[in-house]
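Labels for the chains are A, B, C, D and E, by order of writing; each one numbers its residues from 1.
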Amino acid sequence: MDAGIKLRMSRLFNADTGKSVIIAIDHGIEGVPKGLEDPMAKTEELLQSGIDALLLNPGLFRRVCKFWKRRNDPGVILAADYFISTTVPGRKAEAEEYRKILEIEDAIQLGADAIKMILVFGQRDLKLYAYNLEIVAAAIQKAHRCFGLPVMLETVLWGITSTKEELGSIQVLRDMMRIAVELGADILKLPSLGTYEEMAQMIQWSPVPVTVLGGQTHPDFKCVIEGVKKTIKAGACGIVFGRNVWQRDDLKEAVKALQIAVHSS
Amino acid sequence: MDAGIKLRMSRLFNADTGKSVIIAIDHGIEGVPKGLEDPMAKTEELLQSGIDALLLNPGLFRRVCKFWKRRNDPGVILAADYFISTTVPGRKAEAEEYRKILEIEDAIQLGADAIKMILVFGQRDLKLYAYNLEIVAAAIQKAHRCFGLPVMLETVLWGITSTKEELGSIQVLRDMMRIAVELGADILKLPSLGTYEEMAQMIQWSPVPVTVLGGQTHPDFKCVIEGVKKTIKAGACGIVFGRNVWQRDDLKEAVKALQIAVHSS
Amino acid sequence: MDAGIKLRMSRLFNADTGKSVIIAIDHGIEGVPKGLEDPMAKTEELLQSGIDALLLNPGLFRRVCKFWKRRNDPGVILAADYFISTTVPGRKAEAEEYRKILEIEDAIQLGADAIKMILVFGQRDLKLYAYNLEIVAAAIQKAHRCFGLPVMLETVLWGITSTKEELGSIQVLRDMMRIAVELGADILKLPSLGTYEEMAQMIQWSPVPVTVLGGQTHPDFKCVIEGVKKTIKAGACGIVFGRNVWQRDDLKEAVKALQIAVHSS
Amino acid sequence: MDAGIKLRMSRLFNADTGKSVIIAIDHGIEGVPKGLEDPMAKTEELLQSGIDALLLNPGLFRRVCKFWKRRNDPGVILAADYFISTTVPGRKAEAEEYRKILEIEDAIQLGADAIKMILVFGQRDLKLYAYNLEIVAAAIQKAHRCFGLPVMLETVLWGITSTKEELGSIQVLRDMMRIAVELGADILKLPSLGTYEEMAQMIQWSPVPVTVLGGQTHPDFKCVIEGVKKTIKAGACGIVFGRNVWQRDDLKEAVKALQIAVHSS
Amino acid sequence: MDAGIKLRMSRLFNADTGKSVIIAIDHGIEGVPKGLEDPMAKTEELLQSGIDALLLNPGLFRRVCKFWKRRNDPGVILAADYFISTTVPGRKAEAEEYRKILEIEDAIQLGADAIKMILVFGQRDLKLYAYNLEIVAAAIQKAHRCFGLPVMLETVLWGITSTKEELGSIQVLRDMMRIAVELGADILKLPSLGTYEEMAQMIQWSPVPVTVLGGQTHPDFKCVIEGVKKTIKAGACGIVFGRNVWQRDDLKEAVKALQIAVHSS
């Protein structure tokens, strides 16, 4: 592995455990998310709570980078693209588009440790999916070839044509994971799916770290923590949580519980 | 903040008050606006009246730049794009298109302190909105990465599909502001909407200066001034006024009154 | 004004009078125009007749440039784009397309003093108009930023949807002129429209030279000359004539008369 | 004049008077100058004292740019090169070298209004003088061609072979000024030499603004002020003072006196 | 300060204390240093001992980067140049040369948090000193302009002509520090010189963090620790120690003692 990739990866994962509690606050690209109304204050609170990495959009990072003050502060993952489905925030999906919002050079100049991209399956227009795939592949190659920057790739079934069956299919998820690896992703970001035995099987072959996302806020946090423990036992290298953390009043306690679940499971 | 961004921002906002009276005369891109028939004479008059910054199109700026003579003359904000809705000036909107009309390199060579761009919500064609967003994101990143040039971003609901409800919705406006910040805008330009309490709430979280536009000419200028005072008290860092200034006979008095309202509120 | 722009402009306009007799022979891009069957001979004749500038297509210029022999020979304006309406010359308009046919670098390498572009209003497809506008804006910025090359912009209502009313509307013409100035055009090229008082009003605000075109051949040349005199008195900086010159047998006398009308009015 | 050059020049000179009080603090490139031990504090004091422009090195500007807060704050001139004569600060001149320390792109990104360069006459090695001249010429052309950035050129007789006669010769100074103009300098920076009648004669032909430097601290400040008044009367557009300002205890009073002498003479 | 510079600086200095224990192992560029015979083992040991940053050559870093495993592992400072004095390792100085051994792009690809460069005073050949200065200035500007990468600059009197007096002169050291700041260095690296009062005076004006190097191994480590405490009290932001750490048998205890001395003084 290249030195830069290795070094930057080391800032995202805890080496004692090889695991990571990553918090995502990149939701604002679609409008103000409940619980994230004041991203400045929330970011500061997250940094104080001891998370391992923060995933956010480049414009917001420019405004909050002043909170990074010590070596142990969280790794920085910048969102580099955007899947667009409405022309007015708050509307239901109207159609599908995909665009890059950040060049690798920007990410480097901003000091990011990684970028996150998405590969959206199930889009109605194959040409758009092909464009998405092309942009992702090119970004990964350039990030590797020129800058030693890791790329986290989230493979999602956000396309309009995705069927319920596909959305629940472990086989489809495995296929999508594999495509991400074949394209060169350094970290995978997946939804939680199936039993934990199935998850373990799905993860075990992966040559790159797999992180599992949290999704919608779950009313029972104990249940969330149990899920995280099982996820880690199933082989995940970390979690990427958003709403389940910053929509809670006890953010710091939530992070602490996640840290224990992730690093002590 | 980068040295260049900082220095150029300092030319747009008055540091004693942190506020700015910005006058927009970029309306000519759609044809001759009433009150702005002679842009040369009007620009000269505006410079003499003591405004803080002028927003105009690059072609016109080439013709009027001779009026800039002293360090305290207004900051220059160049319009860099254009939302097109008719193929003949004066017609009602026929369709929707968006195009860039200025490269960052041009703005720098012309000596601009900032560029202004628009992100148009409510467009019928999602592909066009996506194109708009991509152009804006790329321009912001390049302006920051290479040139230290600030970007003012105006988020507007000019699209054909925008509903009356959306146009009057504070939530939608907040969402649009947030998207602008996530993309990296250095200055926001917003319409005046809702009560001043709602405006204050809307503005207070913003990590970048918020300016509020004037819109159509209001018959009662006292009322306009009262509105400006409340806008500033609500947390706005300045106003971007056009017709309410240059459609008035007493332009200089109007600017003077705005200066007092903005800098002494 | 930039040195290069200034120097090249000075080659198009007579400094004693500030006026110019420009002859256009760029019609051949649509096929053989009556009166211009032998462009080589005609060009030579025009150069001998003492015109101020010649407007032609780049390919033809390569073949006739051998006739330029002295400093006082006419300025060279190269047509840089093309509004296309048929797939076979001679057919009636089938549809609408717009393409650039010359890069600024080509114009420079060929030694042109200016390029001429068109902005076509009234096109059926707004996307095509937006494309036209984008190409024109980019060419103007590049010609200015990199090469000091002036751009003459002709704003025309050639689009299929243009109504008779719009074609005869002084307001629409004023709007189009204004858009040209806001985009950065260095010279405007307009049709003759309205009374000469209206024309004077239309021209007087313009910060850049306005030239007026001749259009179709007029049977009464005296009448043409009278019109030119009044056009100049109305504030035009010159004329751009084609058919009214090279469809006449007495080309040299015609040019001489135009010279007197333009420079002695 | 290009828009950018014009706009940036307008930030260096006061348009009411056409004059400028420029303070130079770029001496630190050779070590700690007496009176400038704390460049941060001194810069802040200078900004508060109301100077028209500050001349400094790029590295220091990065640290003090935070003091720029309002549009009327001084213009920024960055030193872009360095004439080197010792290998240890404080030693007597050992030999002669010249190097560029700033690219035009850096100056632009930092938001500078101009750069300052030196052309050193009297160097022992003609090759080095030629290198100096080549670097200066290339920088001027690039600053003009690509960025609209003005270049202040200081022509000096710092070379080892310069004779006393040459150092005191008005003819040599005129020759050096002329070379600067022929190369494209936008502002000249000269030593005070000869009688004020001679200075007037020397300056009057210059097509670009001439500024006169202060040199070593003069014990009698009244005498300095008298000299400044005569310098301005002789046609200088401003002064570039360093030690005579920041080696004084009453810096603010000194600047005030200079302002009056420069702008009211 | 730019986002990237800020973020990368935060990895070198402990924000609670603002201080740093930096260990240098870049001595191998001149051959095998006593105590550093096995750089792999030593690096691993250093990482386990809890240092704040490691300064090393790029080639070695490629081989040891595998030891970086957690976010809190030391910041990485890569040596980017080399002052050469012999053609065979072990010989006495034969002459003087200076070369860059790392491009900024390499440092970025390797994931470095900063690069370290040297500016060597007292060189016999002024041309070589000028070359050194030019390389350093260009690297600083490029690191800042394009990549947001901090540059540590060590100003040293390694030149053959340096006199004993100069080597012991606080004034010369202050001058060299100042030159480094004027060129844009982000971190200074200095020898310990003079009394601690003099050191305090020397450091207090600096707008960038000052680190003090350890030099030759001192037999009495208690004495070393006392010196470090006083150095920190004098205003230094950290130490850059080499032989005094890795020539000791009790490396980990030594680092622990330095950590306490640096962060608790």
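In this text, a contact is a pair of C-beta atoms (placed from the backbone, for glycine too) under 8 Å apart; a residue touches a chain by one contact, two chains touch by 3 or more.
Keep in mind the model is a prediction, meaning the values are calculated, not measured.
Among the remaining chains, those touching subunit B as well as subunit E are A, D.
Of all the chains, the one whose CA centre sits at the greatest distance from that of subunit A is C.
In the contact between subunit B and subunit D, the residue numbers used by both copies make up over half of all numbers at that interface.
Here the spacing of subunit A and subunit D, counted between their Cα centres, is 53 Å.
In whole angstrom, the spacing between the mean C-alpha positions of subunit A and subunit E is 37. Contact with two or more other chains is made by residues 62, 105, 109 of subunit A. Taken together, the subunit B residues at the contact with subunit D in this complex read 2-8, 10-12, 14-16, 52, 61-62, 65-66, 68-76, 105, 108-111, 146-148.
Contact residues on subunit B toward subunit A in their complex (touch as defined above): 121-124, 126-127, 129-131, 133-134, 137-138, 140-141, 144-145, 157, 159, 161-162, 166, 171-172, 174-176, 178-185, 205, 207-208.
By the touch rule above, subunit B contacts subunit C in their complex via residues 26, 28-32, 37-40, 57-60, 62-64, 82, 84-90, 94-103, 105-106, 109.
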